[in-house]
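Two complexes follow with chain A in common, the first pairing it with chain B and the second with chain C.
On to the complex of A and B.
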């Protein structure tokens, strides 16, 4: 049923349909509305879950570890500094192979303090072993939660997942959303039944000590599980499409890309603005297209290469910067197209909530056509 | 050690980790000088100094990391730390 809903509230409703048994979270802008809404569902007996109030994000995700290891479907949500405080716990969750799903309402990291959007927070945890989904709009933000649980809990994957959606730009925006029902999700998402769990009658420990003779192999196994999760994502996304009409089988999605000479690569809400800019440029006769990356971890290297091999140049938009190197998405795309001869240029855009408009996308296309890139776009002149 | 998913383990797995391989210096106990006070047994952080059937004390070299606390704390000079040739 179509509803006009705020992004955070739509995500909270989607999470409710996933029937999490334990939720532990700490409020932080711009994620707060999600956990507020979930706390209300629990208080009103609309959701049969244990809602654990904690003193900070480190405790939030630590509580989730215990709950997930005990066999519960577990949920949390955070952003920015909150996610930074979870850094250590994130690696532990992945290493213990606990399929916790966490929403990230993407926000810049301090200092300087900023409550506004970019994607530095989740991108900074790219090496932690969590799957990372990025939503273009709130419809996708809700749907990706169902997919995330399905994939994360698959016995061959058993890895946690971030569902990332841009703070404020999506989290606080009202959009029409086709909300599924509890019955729909019960058909799509089976009950979580782990093969091993914490049990006082049959004790077991998670994430035990590994000597140098074994640690190496544990990281290898996580990497292998992440790479093999690509097939699981495809399967779950396809099945979701067959059931509800929105197909998420592909980890990347082209827009007017088939005959494009210039391709823009991006992830998150900026893809919507980019599509509008592309429509206007197409009207002017410019052959521009978009490749949207929906899944950043595991990175769909082969899919990116396949989708871009016919273009003449690629502009990658990064709402993050690996300081001293390049944007994280740019580095991945350059790797995917290595030896293809196709020039790939990166553009750091929209950090700390700086608006990115259609005219900026057009300006970036003009820059990549001139071969100028691997730069911060739109800097104030006083720093130059 | 088995490569269980998520490095999960049943109780007692720390016994599999033979920490004796970490050792550089080995505590050597001198029965002539030992007064059997038991301080080394109490203070060993690994709990691997034990009483032998003859009533003397001896380290379990399978787990002894060679930290030297027993030698340091011995009120006499019954324990000497000697470099181990491997």
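On to the complex of A and C.
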């Protein structure tokens, strides 16, 4: 049923429908509304889960490790500095192959302190082994949680997943969402029944010491599972579409891309404004299209290449910067189009909450047409 | 697409006003989007909140620069912040003030002033003006029905608080309707 609600509350409700058995989280702006709502569900007995209050994010995700290893469906949420504090734990979760799902209300990283949106936080964990989904709007932000659990818990995957949605821009936005029901999700998401779990009667260990004879292969297996998860994402997304009408089988999504000469590549909420800008540019006769990347890890290299091979130039928008190199999405797209001869230019945009408007997208299209790029877009040179 | 920008100070309920206006608009059968722009998060600091209304799904996520409507919760903001910036010709500006305006809105823009603070003090007992201004907005723009606003307020607030806030909204609604 369509209802109008805040992004964070919608995400909390979606998480409730996933029936997590253990939740451990620490509040941090702009993620706080999610865990507040979940704490309320648990307190009101609307959700039968153990809600563990902890002293910080390191403990939050550590508590999730124990719960997940014991066989529980486990959830956390964080952002920015909170995720940074989880850095070590994130690698442990993935290494122990625990399918924890965590919402990230994307926010910039300090210093300087910023509570506002960019995607530096989750992008900085790109090498940790977690799947990374990015939502364009709050409909996707809710739906991707169902997909994330379904994929993460698949026995051939068993890796954790971030569901990323832009802080404030989505987390604090009220907009209409088609909320599914508990019955819907019970049909889509089976109970989590891991084949291996901590059990006092049948003891095993997680996260053991790996000597040089074994460590290399551990990493290989994680990489293989992440790459093979593409097929699982496709299957789960397709099934979701068949059941509820919104098809998430594709990891990338084109918008007016079929006959485009200039392609913009982006992830997250910036795609919405970009689509509006594209419609206006199309009205002016410019052949511009968008390739939205919904899954950043595993990276859909082949899908990106396939979707872009016909265009004349590509502009990649990055709400992150690998300082000293380029934006993370730009690097991936350049890799995907290596040898194609198609020029790919990157634009660092919207860091720390800098607003992105339709006119910015149009200016970037003008820049890429002139061959100018691989730059910070919209620098206020007067403050440099 | 029509756009509303609300200017207030932290603690005055600008964000709540945007949310409830969006909820009421959605009840009326249009797509609506409400979101805040926080500065530093503390009481008294200038705050903006935005609402968009459209007949189709709203994809745009940038802030509102060329609003059709503006609500100013606190007229002392006018000297600190360019609250009327970008307002469209034919737009409507609603300012909470008890005085005869000593400021000008851009040409071709309709100004409505209302003493929302007095209304709120009488109806709610607190100088929280957001609900009165929602009533004024409903009357001035027709974007939301008063009944939808009433539902939204009833849903958001505990009973007594809802009754008082609806009263404040109604008084402002009637005053703006009466003046029209």
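In this text, the second predicted complex is superposed on the first by the 382 of 384 C-alpha atoms of A that agree within 3 Å, B and C clash if a C-alpha of one lies under 4 Å from a C-alpha of the other, contacts with A are read in each partner's own complex, and residues count from 1 in each chain.
Quick note on the criterion: contacts are C-beta pairs under 8 Å (C-beta built on N, C-alpha and C of every residue); 3 or more make two chains touch, one makes a residue touch a chain.
Fair warning: this is a prediction, and the values are worked out from it, not measured in the lab.
In the superposed model, A:247 lies in contact with neither chain B nor chain C. When the shared chain is aligned, no partner comes close enough to touch A:199: not chain B, not chain C. By the touch criterion stated above, A:88 is placed in contact with neither chain B nor chain C.
By the touch criterion defined above, A:217 lies against chain B but remains apart from chain C after alignment on the C-alpha atoms of chain A. In the overlay built on the shared chain, the residue A:46 is in contact with neither chain B nor chain C.
Looking at the shared chain after the overlay, A:261 reaches neither chain B nor chain C. In the complex of the two chains, the chain A residues touching chain C come out as 4, 6, 29, 115, 137, 166, 168-170, 172-176, 269-270, 272-273, 275-276, 355-358. Residues of chain C touching chain A in their complex: 15, 18-19, 22-23, 26, 31-36, 38, 41, 57-63, 65. The touching residues of chain A, when paired with chain B in their complex, are 95-98, 158, 196, 203-211, 213-214, 217-218, 221. Within the complex formed with chain A, the residues of chain B that make contact are 1, 3, 5-11, 13-14, 17.
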